[in-house]
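Okay, so chain A shows up in both of these, paired with chain B first and chain C after.
Entry: the complex of A and B
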């Protein structure tokens, strides 16, 4: 019963958040310079034609009217049709106003469904790399607060957080792909193409995991129940793995939830540098081409994913620590 | 101490490890056999495959692999008029208004249809329709007549239009030949869905940003040696360079000068530099004040020291003093081409009623960043030079989509007062630039309407012979354009490609298109 009530409450809150995000994005897109109809019809089309097509598409109606019409489609699972991209999914330049393939524009949902798996794969792999590196260093640092393992975690975190991802991406591509020839770097022809961008993203995440783990493990190791465990005669290994890490995992889980959501929406630069065909590259091209429906669709899907991931994280956290109340 | 259970678990894991194929995780970027050519383009495509529906250079380059042409023009500076026959065996002027084209036999389209005179007739008649967006023909369909005495002979008669049939000669090297069957389907038919040509590579599919082409074994000059061509849009210049350096890309285009330095020292990469068909222009908005006044346009031209631009551009720019590239038919270094002359600039400003630039409105100069090399850098220099002479100019640097939105003329004049853009057409034909931009029936960017320029353009179009036409272009039309200055051609672009050094047999045309029919990785 608790679960049902929790889910109903959080899903309602999530729907409100997605609605507000959608309205914000929808409004912002319509007030920035750059008329998408001008891009669609081509520079040489007369202004009257631009206005005619804009009116036919409803783009000259008041923004609230446009938004409600759009949301009417969204609740039925229709995120609309790209202004620019053809059904093949290619990023295209400004077409002519009498472009015969106009009716063949790609569905936004299809474009997102085609690219999201690549970004999810990238996000999961970068999370895996980040945990692989940060967990042992962070836990060891937390168990040895004030000593060199703690300082090592701090230094690594400080170093990694200072590296700009575009710079790191280029340097790693030069080193691991150009000079050593170990990894492919550009585009996507198979799983191996995910490794380099995942490493770059992992370097971005590692400082946050390190900090969370060192602090929470150190804090838990000072708790009275840990001292009591020693008195009860439990081994240090058992105390760490069965008690300290289990309790330290709650803040880590929250952090991972937020980071994973951020990865889904925040891989723009890395995907652009590596020409990785995920949501980030799709978003950049959509913004450059003022492809309103696509930008809106991506914003809705990523904000919905953000909400869902956080609901799941909260649910899991509650099962680990029943005292938590969301 | 090792227990039986832990021993079995460890040895089982070790055995499993030996069965994991590490290639799934890591595979060399170099491990390929008979790989296709991978071309990384700086420009995206339009999404409509009809060759008459666009003027987009990247898509023209794809057509260069797939489509067949009556002839190809190598367009080298030492012989800009050279034409090599391809689908045609002979192109001959019967008289001033009749051109005869004899076709090669035994050629088929990629869909298996035989190529013949009907296809040339259909291509000409369809492409010249006034509603086709790519307006490359000297006149609309009703201004010429195409007859086909037999399956391999085409006669173009331009007497109805009153212009010379010789205008079709250089166009023969530029117009991709379409199938009459496809054309019969109209603009909404198969033409817009895919490419179907007679070229060395067959269009397979558009996969995201990759255009997949494969070798056409029945190509009339022999099957290509490479497996195919993957033509990909990669918007970021650094990404293209990295792809070239790690061996993933075979060819990349539009290198910046400093990128040429980065790549030229590497053994696995060769650099190709070609004086291109593309001139870069500073276009004036001639249909609105203040640049509707030719005195002010000339004054602005005399304020610009192009020698400084050449220094900024390095290998990416070639000096020229005309409105067409040196590899176009009719090029000549114009004696009256406006050069840097501050005194003349001030004299013209005063004559126009704006001494020292006083009284001029605020002017906007629009340029793009991310496609052409160094546009922002030399845009800032031009802005400073204009300001030095009293022009109150501000520079607006835009990403390509926003710039493209503002590029063309509109009723009342296009946005801003000056805009930077190049114009590239893969044919020696000068009218693809001159008439397109300066005749009042087209005036794409400048918006100029000048009866004297129209008359000069019509005179050279109607010349009875190529020699007469050359004379009119060099002595009549282009000197007049230099006087009226609807635009200032800043320089001719140098097309710079980086190519995998193991890839041999490519022929690069100065518009960026490539003949890869005999190319191979050695």
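Entry: the complex of A and C
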């Protein structure tokens, strides 16, 4: 009963958030300078043609009308069609203003569905790397507050947080791909192509996890139920694994939720550097091409993902700590 | 008769804070014996080393504390020389430990039952999960937790303080220990609940044959349960004698001092301190039919919101120049009432008038003027002062808020206040960090009285202080009242303090004023069964006028959410009868403006006798 009520309430809130985000993006895209139709038809096309196509596409209607028409499609699962990209592949553009194959332009949903798995794979792998490194160091640091493991966690965190990701990406590509030839770096032709960008992203996330873990583990170890547990006759192993880590996992989970949402939202720089065909690269290209429907689609999908991840994090947190009440 | 080794034998135990032989001595050469089935009480003030002693006995001293010499022999073996693993198996199994912080003693994310099962299986790995569960539920029933099989699956935050302390007793007794160390276990509990826990503890020692080391800062509490008493002062053992003998003729000056400081409820004549309320005076504060209900929305966000009735139909008058007390235990609505009296919140029903004006029917400027005439001194001496402001600035701040005087004038006035509350002038530029709890409360008092208010509301102002400091502050209050003509409203759970200072007292239970009486009448002829229960549970060494066994049924106050109809005290009242469950009694006049809300008062006296038996 609690779960159902919770889900109903949170999903309703989430739908509202997604709606507001869509409206904001939609309006902003239409008030900024730059006419997408001109970009589509090319610089050589006559003005009348631009106006004609724009009118055909409904781009001269008032913004609220355009928005409602668009949202009508969205609720039915139709995010519209790309202005620029054909269903077949290579980007259209330039002078092909008389190209009559506009109906064959790619569907936004298909474009996103094709790239999202790459980004999800990248996000999961970088999360995995980050946790693999940060969990033991962070927990050990938290258990030994003020001593060397704590300082080690601090130093690693400070070091990693000050490495710029574009620089690290380039250096790692140079070292691991070019010099050593261990890992492929550019593009995507298999799972191995995910590893290098995932490492770069993991380095970015590790400082946050380290900080959260050392602080929360150290704080939990000072709680009275931990010292009481020793007097009650529980073993240290049991206290740490069954009680301390369980309690320390709630703040970590919240952090991971936020970080994962950011990774899904498209890691622009890293995907760009490694030419990784994920949502980030798709976003960059869509923005450069003023491909309004695609930008909107990406915004809606990522904000929906944000909302869902937050709901899942809160649900899991409540099941770990029943005192929490969202 | 053979000479048996005692169960616990502590000999020449010394504990220092650090390895250094010069490090400060926390315990100095403590020696005592404890036999099976006996209860040894340990009494001492703050910093006397009593908690260190408790921890040393279970071999769990946290660094920097360490045993510098001596032995703790349990069944003849020195447990201080045990390897950590061996002493762990002893702890929790043969020696149980209950601490003074029941609320924080268990992991908040796991059910109480799971954790007690976990502990039992940690010390007795052979017990199956099912067996362990059955044993836990059986014992939860033995400590009189209602519906134990359901309570087994609840989380610590769903337990009240008293229930949690019962659960911790189960946790300690589940492995059938031979020795139980109970460190300040009644300290955080309400007196009526604490009295029940003590009763329970005595029953259990009979039943299980457990020896108890009972540690507390309250002499009456220790005297209540213990066969012998050990008095600790500054880490020194000053006295160890059988309880009755010690109480009759304390040998050491420190013990004598402890006993002299104890508040007396009945034996001392306190009349001189208490000014009777002037018969015809106009009340300075008039509370009539005030009620406040909070609504709590359900966790899922859908469904009916529940109603928490924090204050129900409270009425009383406070006259100028008198000391008025509001007593009651946690959850009785004292703090909600304070928020209403200070106009921090609006009541749902009823009115509050101060000096003839309704405090809620006025504009912002008038409210500010009202607040200048009425000041509040809070309970917590630590969080009620801003840590980064100097004492002088803190005291002068109300003047700044009300725009009174220039910078120099404010400073001079603050300095004057500092002197008046008995703080050294050197404090003026210090941060509150350097002050003791008592000094901080003096700063709080100075800050409140710098505006020269008419009424001072003391919300548990003295609760955080020890006996000695409480006495000094009460003397200060008395002096200030004589000088400035203040009216005090004391909100407190401490009935002994109320006995000392308040001319008239309102007793609250679950949001209601159940009795309103003059001091003498309340203590010698209480009109409400709850007042009697409160008196029976108050810690005192005096001959009791009321025994808690007769005045209080097992159980805790019902939840203020969705209260059942009828009298709220019915579930714990030994005199309960049908009418009590149906109708809530109204305040009935008992003569002399004393009133109480009990059906027995309106019944014929013959009937009252019937039900009382």
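Observations, loosely collected:
Operating definition for what follows: the second predicted complex is superposed on the first by the 318 of 326 C-alpha atoms of A that agree within 3 Å, B and C clash if a C-alpha of one lies under 4 Å from a C-alpha of the other, contacts with A are read in each partner's own complex, and residues count from 1 in each chain.
Criterion: a residue touches a chain if its C-beta (ideal position, glycine included) is under 8 Å from a C-beta of that chain, and two chains touch if they have at least 3 such contacts.
Remember, it's a predicted structure, so these values are computed and weren't measured experimentally.
Room for both chain B and chain C is found when the two structures are superposed via chain A, with no clash between them. Looking at the shared chain after the overlay, A:178 reaches chain B, while chain C stays out of its contact range.
After overlaying the two complexes on the shared chain, residue contacts for A:147 are found with neither chain B nor chain C.
Legend: residue contacts after superposition of the two complexes on their common chain; A:30 is shown touching neither chain B nor chain C.
More residues of chain A lie in contact with B than with the other chain of the pair chain B and chain C.
The vertex angle at chain A, taken between the C-alpha centres of chain B and chain C once both structures are aligned on chain A, is 160 degrees to the nearest 10.
By the touch criterion stated above, A:69 is placed in contact with neither chain B nor chain C.
In the superposed model, A:242 makes contact with chain C only, not with chain B. After superposing the two complexes on chain A, the closest approach between C-alpha atoms of chain B and chain C comes to 18 Å. In the superposition on the C-alpha atoms of chain A, no part of chain A is touched by chain B in one complex and by chain C in the other. Chain B contributes residues 24-30, 43-48, 50, 53-54, 56, 58, 131, 133, 187-188, 192-193, 205-209, 211, 232-236, 238-239, 242-243, 245-249, 399-402, 404-411, 444 to its touches with chain A in the complex.
Taken in their complex, chain A has these residues touching chain C: 1-2, 4-6, 8-9, 223-225, 227-235, 238, 242-243, 246-247, 320-323, 325. Those residues of chain A that touch chain B in the complex are listed here as 33-35, 38-39, 42-44, 46-47, 84-86, 88-101, 114, 170, 173-174, 177-178, 181-187, 190-192, 195, 272-275, 277, 285, 288-290.
Those residues of chain C whose C-beta lies close enough to touch chain A in the complex are 55, 58, 60, 62, 88-89, 91-93, 97, 99, 101, 104-110, 118-119, 122-123, 155, 157, 171-172, 175, 298-303.
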